[in-house]
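A single structure is presented below for examination.
First chain written, first letter: the chains are A, B, C and D, and each begins at residue 1.
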Amino acid sequence: MSGALDLLTGLAMGLSLVALGTSRLPSLIRVAALQGVVLGTMPLVMEHDLRAMVVVVALATVVMKGVVIPVLLRRAMRTANIDRDMDPLIGFLPSLLLGAAGLIGAVLLARWLPLLPEHHESLLVAGSISTVFSGLLLLIGRSKAISQVCGYLILENGIYMFGLLLISSTPLLVEGGILLDLTVAVFVTGIIVDRIQRAFDSLDTRKLTVLRE
Amino acid sequence: MKESLLILVPLVAAGAAALWPHDRTRPWFLPAAGLAHSLLALWLLVHPPGAPWHPWLGYDPLTRAVLPAVSLLFLVCAAYGVSYLRLRAERPNRVFVAAFLAALGLMSAAHMARHLGVLWIATEAVTLSSVPLLHFNNTPRAFEATWKYLLVGGTGIALSLLGSFCLGYASLHGGGAGDLTFAALAAQGAGLSRPWVLIAWVLLLVGYGTKMGLAPMHTWKPDAYGEAPGIVGAMLAGGVTTVAFTAILRVRAVVDAAGAGVVADRTLLAAGLFSMLVAALFLLSARDFKRMLAYSSVEHMGILSFGAALGGAGLWAAFFHVWNNSMTKGALFLSAGNIRRASGGRTIDEVGGMSVVTPRSSALFMTALFAVTACPPFGPFFSELLILRAAFSTAHGWSAAFMLVCLLLAFLGLSRVVFAVVYGRPPRAARDLGRRFKETLPVLVPPLVLLVLALWLGLATPDVLREAWSSAVGQLTSTP
Amino acid sequence: MSMGRLIVVAIVALVAAAMGGSRRPRWWLALNWVGTAALLGAAMWILGGGAEWEWRSAFAVGGERLHLRLDRVGGWFLVLVAVIGGAGAAYARGYWPDRERPASAGRGRAWWSALVLCMALVLLCANGLHFLMAWEAFALSAFFLITLERERREVRMAGWLYLAASHAGTLALFAFFCLLAARTGSWDLGPMRDRPGLAPLFWVALFGFGVKAGVFPLHVWLPSAHANAPSHVSAIMSGVAIKMGLYGVVRFGGWLPVPAGAGWVLLAAGATSAVLGSAFALAQNDLKRLLAYCSVENMGIMLIGVGTGLLGAGSGDAAWGRVAMAGALLHVWNHGLFKSLLFFGAGSVAHATGTREMSRLGGLWRSMPWTAGLFAFGSMAIAALPPLNGFVSEWMVYLGLLDAAAGHARDAAVIVPATMALGLAGALALAASVKASAVVFLGAARTRVAAGAHECGWWMRLPMLGLAGACVCIALAPLMVWPLIQRSLGTWNIAWRGDGTPVPLAALGAAQCALVAVVAAGGFLLWFRARANGLRRAGTWDCGYSAPTARMQYTGGSFSALAVGWFAWVLRPDRRRRWPKGPFPRHASRVERIPEAVLERVIGPVGDVVMGASAWVRRRQQGVLPDYILYLVLGLVAVGLLVALGGVA
Amino acid sequence: MNPALEFVVRLVVWLLLAPLLPGIINRVKAWVAGRRGPPVLQLYYDLARLWRKGVVVSTLASPGFIAGPAVAWVAILGAALLLPLGPLGASPSFRGDVILLVYLLALARFCTAWAAMETGSAFEGMGAAREVSYAVLAEAAIITAVLTLSLQSGSVSLCAMLAPAAGPGAALLAVGLFTVLLAENCRVPFDDPNTHLELTMIHEVMVLDHSGPPLAAVLHGAAMKLLLFSVLLVQAVLPVGKLPAPAAAGVLAAGVLAVGVAIGLVESLLARYAFRRVPLLLTTGFLLCVFALLISWDGGGA
């Protein structure tokens, strides 16, 4: 039970590292999608009594994060005719190393943080922290809009993982609302990316600096 | 039950507007819903409901202390919006009107939220509903602004979600049920796990602080305010920031109940002072008169957090300042919008001498400048003075002195830009454009109304408001 | 008519004048006069021994009940507000009429009444909140008056500088009143000498009021604002508005306990203002700028008097303090009268010639005899020459200082240097006033504009005559105003209540009258003798040079070059010379500019540093989104550290 | 004595005796130079002649050109009357009269400079500029001297200030005041009363355009001013006021004579200073007064 959850968490952490290391946008999108799917399955593994609502939420997560958003992003990428984040603000190797360091730090931090007894053994907190960190790193370090959206996705995934700690206590209505909001946010972002691509003919955020001081 | 209408009326109106077939008449949904909302909000201000309507949502004293300000601002902006949208007939307004109304409903919901999760959902929804408002102009600049608004704001709000979870975990760890209603959290009080409470506070402050526009998380503000239409800027500066501010206040009350109020106040104070400083520095060399307003907003958010950090009288004055900020910012944005359209320029290199081209809007802009820089007899003068007094009487003298220096720098920057815009010799292009722009009553009365409101708030603050602010202060500080 | 009614009449009339004055000049003048007359009546009633007036409203304004109070300290200043407010209104009718200034004349009338009203309210308000409101409204109306001619760039710059400085002062007053309210628990103002904890607040007030008063080095706004404003505005700014700053110092120096060093600091500031103000005045070549710096000098004299008064009050209510303080108070009136007169005169010159540049004027006495005579009168008064009124007040300040020195007072170590500074300033002021009046009005016209000047109309002349008349009254019958000063002083410091006249004003008045009589007799004697002997006109003796031109006269710059050289360490004149070269030189020139020392050498560099910081933060925000996220994360880290540090403790 | 009568006598004495002093100085200078020199009463003759002569006025000048000398003359006379004469005291004496005296001299200066500026002549403008500029330093010295006297006498009216015996700083004060006297009365080394066209001049150049009765007023006023300073100097250092009347009169006369001789000797033995060194000399005089002030402060007791 807990073993399966840890396995999935470990997988998600590994995927964030992969995301940090990859330069190709399609694979970045794929990694983010895969991570979304992994997370979507987590509640199914965790919950002892599978309520219908949990299943619905999990399925919705998998569909949105695993299918809809990647498709949207890939479309934008194709029209922009790019598939590589050529010159990131933080290089791939340094970001990979930073990500690894973040991972170690996350594990240490999770040890240090006061946790409930049932979470002491779980990787969930460490995974959440390291994923959030990776997401922020992508947001800070990459220059293509699509990479940043992926970073945002991964950041959200990390937060979602932390939310799983509370899944038993949070009303599902709230949970569902949060999920809906996040999804719509990513969706809207995807639309804006699409519009930007049309308006600027580029998804390089370094060109998106008309508005400046 | 009535309070639920505050959310439902705008949302229903939004739906109706989305379905309404005629672009020409659709904008009238705005003032209609705004009027209903304002009347309701004011009625509830005078006759506060007894018990909260729902454990998650309710018109509690804190809502009562600030929501009517947002509602009034919306009403005025909506009235302005009718004539604005008529001028912008070339743009389809279906999405705009619907989103604007939805934003009002969601802002009401966020104000009324008594549950951390609901609060987050409503705030995020406000953010999302304002996206179509931001890129209404459909220019590349507008998309860029929207993009930054989404990503910076999104990251911030994601952090506040993490913070919300942490607060929930603090409850769990402290032996609670993980109930995220503020009442339950505050009731748990010292039973909350202190490290988690502190972590939650950091994340929530930064998260909602991003939404509020505290430095250094303010970076999206000038872009968004600079590119959005005037009414949207006014609503963002006077409404959405208020949502984030009340969110921080609610969280602070929980943190206070958990026994970490001193730490929270210290961070709030530091964030406030830092925001004032950063805003003042930006204002000093501002050239774009709409982006300038964003920095002025950052400055006032700093003042709000400073006031809130002082507690008691300072918090009371901060509520006062919320109202004043809404009114004066609204007046600034609307009059700046007139000038922007009449001049066709953004910066003081392109715009000048508008007192010749648009004398009335320029006078309003100038008056709003004096109002927003705390010149008597406008409201901000009184609220800032009360904040200063509170600071001096709670041994925060040096912070108050720092605030005064920032106020001076901000005044220098603001007045320099406004004088450059209003006085001097208008460029030829502006004169031609200006001749086409008519200063009709519908574009002049709304900012004037806001200024009169700011004046009235200052000179004769209604007792019901005073009482509302006092009870809000009581709600936030009386937790055991 | 009761006091309250007078004040209501004044307020109503001035409000009506401000609201409706822009359209109807005649009604405005009448209303303005009704208002100022009512104010004058109220002030004179109270100075004449009437009971002090106090009124609290039943309604609240800004959360506080109105608390108006007219005592004899406020009344003293109110007289000046009323007199100059009335005289300037008449002057404006001739100087800034609708037909010449269609764009701004109406605005100017409205703001004029607003300014007078707000200054009166500053003097009346006895509640910190309302005091601040009146104060800021007063500052703003002055700003709008200064920028009446806002299509000119230098006017806008001057207006902005004024507003910026004024705002800095106002913010200091925010701090002052908030501190006061925080420590006393109420916004109410009144005597609170028995609370020694309030003493340090004096420094904050001194800064705030000092900016308005134009005390060196806080005077940075003053020269350009006074020079670029319309002259009737310069007159009320220089004659009355800066006195409001002094009022603040006097008022709160009387109501609050003062810290130990207050008298010393005031004396030092006063001496600095007096000496450097007059040095700067002497160095100016712009007539109105010269007058503006003279205001700095005179403010210094008043501060010396007030500082001595504070010292006297602090050393057992010594009589010398009383004398010096009385001199300072009288100088408030005197300076208000003759400085307004001088600015009116300068306005007539500017109106007639279109320039304030002294090196372009000259010989104006022929075309403008009234203005020339009145200006000369004002110059002599401002140089504190007997038998005019400036001397009476300055003499009283001297008397207080000398008394203190002769009595070996405890604070003699500061009083003696201040006396020397006063003497130095007096001599410099004399040089400056000779320069102002002589270069402009005497000799030959240097340019065509000066030659084509015309005398001002009666609307401008009568106010000047009235002010000169008031000066003469005070000069020849100083004993007449003495009881009024006594009452004012008695209110300021209860220990000085009563009629003791330690000042031989009767003798001085008699001496002044005798001097006038003898001067008149001597003048006529000489005149008749010269006429009897035969009076012949001929060209000025040219020392053998046969073709002198008007350009060869001694200019203002050369007149002051010697003394400016001695003060070069602070004046730092910026001289650009082009020497004549070759056997047939084409060009040679010499341009001298006296920089605004404090503005350019102190505030400028500080401003550069702040603007550097501003540029730095702006460079951090160049539209790069990843940077923005980084700032967010940095904010997170900073707040986290703050909490971590505070949370552990 | 009847005060009115006394006043008249005093007036007559000042008016009549003033022109004598320049004559004495000229005699001394002639004696040192081994010349015969002009008669002692030369100035009286000059004045009488000028009083009868016609007046030439510059075409540029206003009525102030005539009024200037008149006011200046009256001001100096008024200042002279304020000065006590030994035990006789002053006829109008009141506290603070010393300041009136100083400012009456300033009034005279204003009027002289004003009248000089009337003509529009560059030379006279230069003279006026120098006059008012040097007066700045001289005035500082005079005020310091006044402070010294009032510190050491504990009084602020001339009669009481000049009456007591000189304090410990008397010598310094005397030299300082003597310097001021030379500067204020345009004597060598500040100025040369014998020339009229030298560019370095201060006072004399200002009166170039005056003629007839106004010039007489100027000359008589200058003589009175010289006498005034001499009397002031003598009384400041010698306790004339404490002596019985006849002795006081003698001491005063002797003192004034001595001052006159000293001026004559200085004029004979010193050359006029280079223009640039004038401020230095005046500052020295000022500093001497300051030292005198410090000494009397220390010795005066609280």
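The working rule: a residue touches a chain if its C-beta (ideal position, glycine included) is under 8 Å from a C-beta of that chain, and two chains touch if they have at least 3 such contacts.
Everything numeric here is computed off the predicted structure, so don't read it as measured data.
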Chains touching both subunit C and subunit D, listed by label:
none
Farthest chain (mean CA position) relative to subunit D
A
Of A-C and B-C, whichever chain pair has more C-beta contact pairs
B-C
Hey, which chain is the most central one here, using CA centres?
C
So, in whole Å, the Cα centroid of subunit A is separated from that of subunit C by 68
Distance from the CA centroid of subunit B to that of subunit C, rounded to the nearest Å?
43
Euclidean distance of C-alpha centroids - subunit B vs subunit D, Å
77
For subunit A paired with subunit D, centre-to-centre distance based on mean C-alpha positions, whole Å
97
Multi-partner residues of subunit B (each touching 2 or more other chains)
144, 147-148, 151, 155, 195, 222-223, 282
At least two partner chains per residue is the criterion; list those residues in subunit A.
136, 139, 148, 208, 210-211, 213
Which pairs of chains touch each other in this structure?
A-B, A-C, B-C, C-D
Subunit A contacts subunit C in the complex at 89, 136, 139-143, 148, 205-206, 208-213
Contact set on subunit B toward subunit A in their complex
115, 117-118, 120-121, 124-125, 127-128, 131, 135, 139-141, 143-148, 150-151, 154-155, 158, 161-162, 165-166, 168-169, 171-173, 177-180, 193, 195-196, 222-223, 226-227, 282
In their shared complex, at which residues does subunit A touch subunit B?
113-116, 132, 136, 139, 145, 148, 152, 155-156, 158-159, 162-163, 165-166, 168-171, 174-175, 177-178, 180-182, 184-185, 188-189, 192-193, 195-196, 199-200, 208, 210-211, 213
Provide the residue numbers of subunit C that touch subunit A in the complex, in ascending order.
618-619, 621-626, 629-630, 633
Subunit B-touching residues of subunit C, taken from the complex the two chains share
60-63, 129, 132-133, 136-137, 140, 147, 150-151, 153, 156, 159-160, 163-164, 167-168, 171-172, 174-175, 177-179, 181-183, 610-611, 613-615, 617-618, 621, 623, 625, 627-629, 631-632, 634-636, 639-640, 642-644, 646-647
